[in-house]
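The structure appears right after this line, and notes come after that.
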Amino acid sequence: MSLERPSPFAAVLETALAWALGALWLAPLLYAVWTAFHPPDFATRFDLFAPLTLDNFRRAWEAAPFARYFLNTVAIVAIVVFAQIVLGTLAAFALARFTFRGRDLVFALILLQLMIAPEILAVANYRTMRAIGAVDTIWGIVLPYLTSAFGIFLLRQTFRTVPQDLEDAARIEGCGTLGVLWRVYVPAARAVYLAYGLVQASWHWNNFLWPLIITNSVETRPLTVGLSVFASVDQGIDWSVITAATLMTSGPLLVAFLVFQRRFVQSFASAGLR
Amino acid sequence: MRSPTRLDEPPRGRFRWPFAGSGRRTVEAWLLLLPSIVLFAAFTHVPFLRTFVDAFHSTPKGRRPSHFVGLDNWVDLAHDPIFWKALTNNTLYALGTIPLAVGLALAMALFVNGRIPGRAALRMAYFTPTVLPMIAVANIWLFFYTPDYGLFDQIGGLFGLAATNRLGDPSTALIAVMAVAVWKEAGFFMIFYLAALQQIPPDLREAAAIEGASRFTFFRRVTWPLLAPVTLFILVNAVINAFRTVDHIFMMTGGGPDNATNLLLFRLYELGFKFWDQAQASALTVVLIVVLASVALVQFVFAGRKVHYR
Amino acid sequence: MKTTRRTLFAATLAAGALVAGFTPASAETKITFYYPVAVGGPVTKIVDGMVAGFEKEHPDVKVEAVYAGSYQDTIAKILTAVKGGAAPNVAVALSTDMFTLIDEDAIVPFDEVAGKDAKAWFAGFYPSFMANSQTGGKTWGIPFQRSTVVMYWNKAAFKEAGLDPEKVPATWAEMREAAKKLTKRDASGNVERWGIEIPSSGFPYWLFQGFTTENGAILMNEEGTKVAFDTPAVVDALQYWIDLSVKDKVHPAGIVEWGTTPKDFLEGKTAMMWQTTGNLTNVRKNAKFDFGVAMLPAEKRRGSPTGGGNFYLFKGQSAEQQKAVVEFVKWMTTPERTAEWSIATGYVATQPAAWATDKMKAYVADFPQAAVARDQLEHAVAELSTHDNQRVAKAFNDNLQAALTGSKTAAQAMKDAQAEADRILKSYR
């Protein structure tokens, strides 16, 4: 039982445990894949030689406007991630490199959002959206998320690691404030942008509660809300079609994850831990 | 995603640009901050204050405008058994899911950090639930729990076990939705442990090996203490998640049977958007804010003292 | 100066004439119509087709149909629009939303607008559908997409259990006996097929109203200000439901999911089920065995609640718009169109006259099960509907679930439900 070489028995046991856990963690997804790719008759019966089919996906696609839902989700994710990065960069730069009265107070007030997520304030935010006519619009979904305390916090930390000399040099070359930001700070934070972007994209792809509250039509609903409407039908549940729809909804994210697995894992680690 | 907050460092670099007056710098700074400040004010700070005000007013109805009602909403909330039920459920939910999810996350990280066959595949298996939408995950699990032909009952059936109705029985429904949360979150927390484990200097390990320390001793004496800050960070996030993740409740139980799976945020949705009872919903929002604020306070106190990440 | 003024005057006149010219005397009236469809499925196309048909016959009216999603989405959308001062002109929403819409001061009754023949128009509908549409002597809703609860039974299972597949249980006692024979257990005592399933997730009160009506109980007053949840008839009805699973063990224990019962029925996991008439088409399409549809069994009497959506007329529109809305609603509910609508969607046709049309007669001849819902209508009652309806219904649902899962006795649960409902309704009395 020495540190360097565990006994063969312990090693086998550990591997077995690790894999048992892994199997348990993958099982739900595999089961969903199985059901989605086989005819409904086999949804409740496991048969290794059951015929494969894409029919469930076709039926799901035709039964609900998933194309529109995809479009909405992509628009929401794109707007939110883009706005958070741009607005976060501007604000973080001010907080990292400018000295002015009230800075610490502003920073503290911003950090309040870390604690009170937009969904907690849904009732009051809903009233605001109603007042400005943003209920049931894409803008209504994204507005509370356009800037993020977490993003500002993360970028501020990153900007502060940039050597002051680099900024000074750029200033001497005649760069203005925005020029300095663009030439010096933005390139320095490239890895953070990627990590943060990935995390936020997957978070907003999956976001459910606020879009559920603020939308009530096909034209604005994202995939998650569309899926929940689709799955709670009056006429009984057809598991094959629902699992197909479920996989479709998470498909792009899942594929992106499998392709960029390492990047994803690192992003979640770094964008959460800094 | 949630983040840690390390606010203790004083701002660095009191650089003054010689030929730009500090007045101009100040204006620039505020201009850079302006869009974010406006958005924060509109969707965090003003609603935050408004919620407190609304919690002391009645709900406006078509024929009855809102008016000041003093503590009425709070008295009603205190007399609402479903509120207490949701609070109890949420506490049980947090106490049940967090230790298990965090424990499993640590085990996963240790497995994947070692020299185990198929490491990359395993890490992927553990992490996959994290990227799936909770609403989709809930659908899949709903199918699992279906009496008779759901996966659990089919496996149980092989061993001659009777059909079960886990989501339809108040004594098991909460546990059933908790299992989903553990499954969804363990892989997410694993990532943070994994990142921290990889920061542990290899020479510590070598030194311990020379001294002939067992793996368990090494873990207890070296690894675990070094992981303490990450553990705190994960715990705080886990608590916050336990109070703000309710997507699967919508899909799996709708808070039932008889509120057995009703959680605070779900109750808030019912009050605010099913009953359109702004007054009660605002009072409950304040309660939720207080809960989350105390979590943040705990973190701030502990983190301020000794924790540093990386 | 004078000329200038005169020119100005002339110009104003001209402009006025111009404007008048662009808005012809028979101005086009625009109305917005909110309609609940969860997904862009076949029903959307049917409604679109009907709207187009109406516009063709009424070139001066333009109907903008807005598909608002589920009933829940629709009422949310309506309330939002009303509070934002942009209410729709007409909408289909749950018949049980009537009191909510009245309390929000959002709708006006049809009586005044519909003119002289209003009385005759209202009288054309089945009284059990009008029950959820009228209060305080006024008619606030016009029945459109309505449903009711019926019992489905698996004839093959009946035959297998040695029962006459054509003779469906007609009383509670018969249903219990049949369910006992139909419940099939394997060697180790595990249930392979249940005798009966009655869903209790989501909105158990609706199915429970079948029991209470059959047991002679009426749950609320017409004003929607009082409920009677704790009467002996209600408690006994609940006890019968509980006993089906606890004592007789012919019904699954715990909460039975609404969404999975049709699947259970189609898979042969249950021999009988209570479900909405809305499932008729689904079961007809997917059942691999012979099945029957019957009225719910009787205890003291037959009975079932109605359900579904009504047309509502909204406040704050011009007289022309109101007239156009009434014209539209009348057009949508003519007997002929009601028959077409019912055949296409499976909703119950709302008027006796619709069932007398040739189309409907041909349909029933081909598919006699469709007529069961109609025959049951004479026994049907209004769906539970009160002020603050969602809340009262939740109090009732929670306690029903508590009793069905054994955490409260039937009597205690109904007493608690009554107390909570009284508390909620206090301010409306």
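Order of writing sets the labels: A, B and C. Residues in every chain begin at 1.
One rule holds for everything that comes next: contacts are C-beta pairs under 8 Å (C-beta built on N, C-alpha and C of every residue); 3 or more make two chains touch, one makes a residue touch a chain.
Just so it is clear, the model here is predicted, and its values are computed rather than measured.
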| item | value |
| --- | --- |
| Overall pattern in which the protein chains touch one another (line/ring/star/complete/other) | complete |
| Selected pair, greater C-beta contact count between A-B and A-C | A-B |
| Chain A and chain C, separation of their C-alpha mean positions in angstrom | 39 |
| Length of the line joining the C-alpha centres of chain A and chain B, rounded to whole Å | 15 |
| For chain C, residues contacting two or more additional chains | 76, 257, 260, 267 |
| For chain B, residues contacting two or more additional chains | 149, 273 |
| Junction residues of chain A - those touching two or more other chains | 44, 232, 239 |
| Footprint of chain C on chain A - complex, ascending | 44, 63-65, 130, 133, 135-136, 216-218, 229-230, 232-239 |
| Contact footprint of chain B on chain A as seen in their complex | 1-4, 6, 14-15, 17-19, 21-23, 25-29, 31-32, 35, 43-44, 46, 87-88, 90-91, 93-101, 103-104, 106-128, 143-144, 146-147, 149-150, 152-154, 160, 164, 167-168, 171, 177, 199-200, 202-203, 205-206, 208-209, 212-213, 223-224, 227-228, 231-232, 239, 242-243, 246-247, 249-250, 253-254, 257-258, 261, 264-265, 268-274 |
| Chain A contact footprint on chain C (complex, rising order) | 38-41, 66-70, 73-74, 76-77, 80, 83-84, 257, 259-263, 266-267, 276, 278-279, 282 |
| Complex contact set, residues of chain B against chain A | 1-5, 7, 11-17, 22, 25-26, 28-30, 32-33, 35-37, 39-40, 42-48, 50-51, 54, 104, 107-108, 111-112, 114, 116-118, 120-137, 139-141, 143-144, 149, 151, 154, 183, 186-188, 191-192, 194-196, 205, 208-209, 212-216, 218, 230, 233, 244, 246-247, 250-251, 265, 268-269, 272-273, 278, 281-282, 285, 288-289, 292-293, 295-296, 309-310 |
| Complex contacts: residues of chain C adjacent to chain B | 72, 76, 79, 82, 103-106, 188-191, 200-202, 252-257, 260, 264, 267, 269, 388, 390-391, 394, 397-399, 401-402, 404-405, 407 |
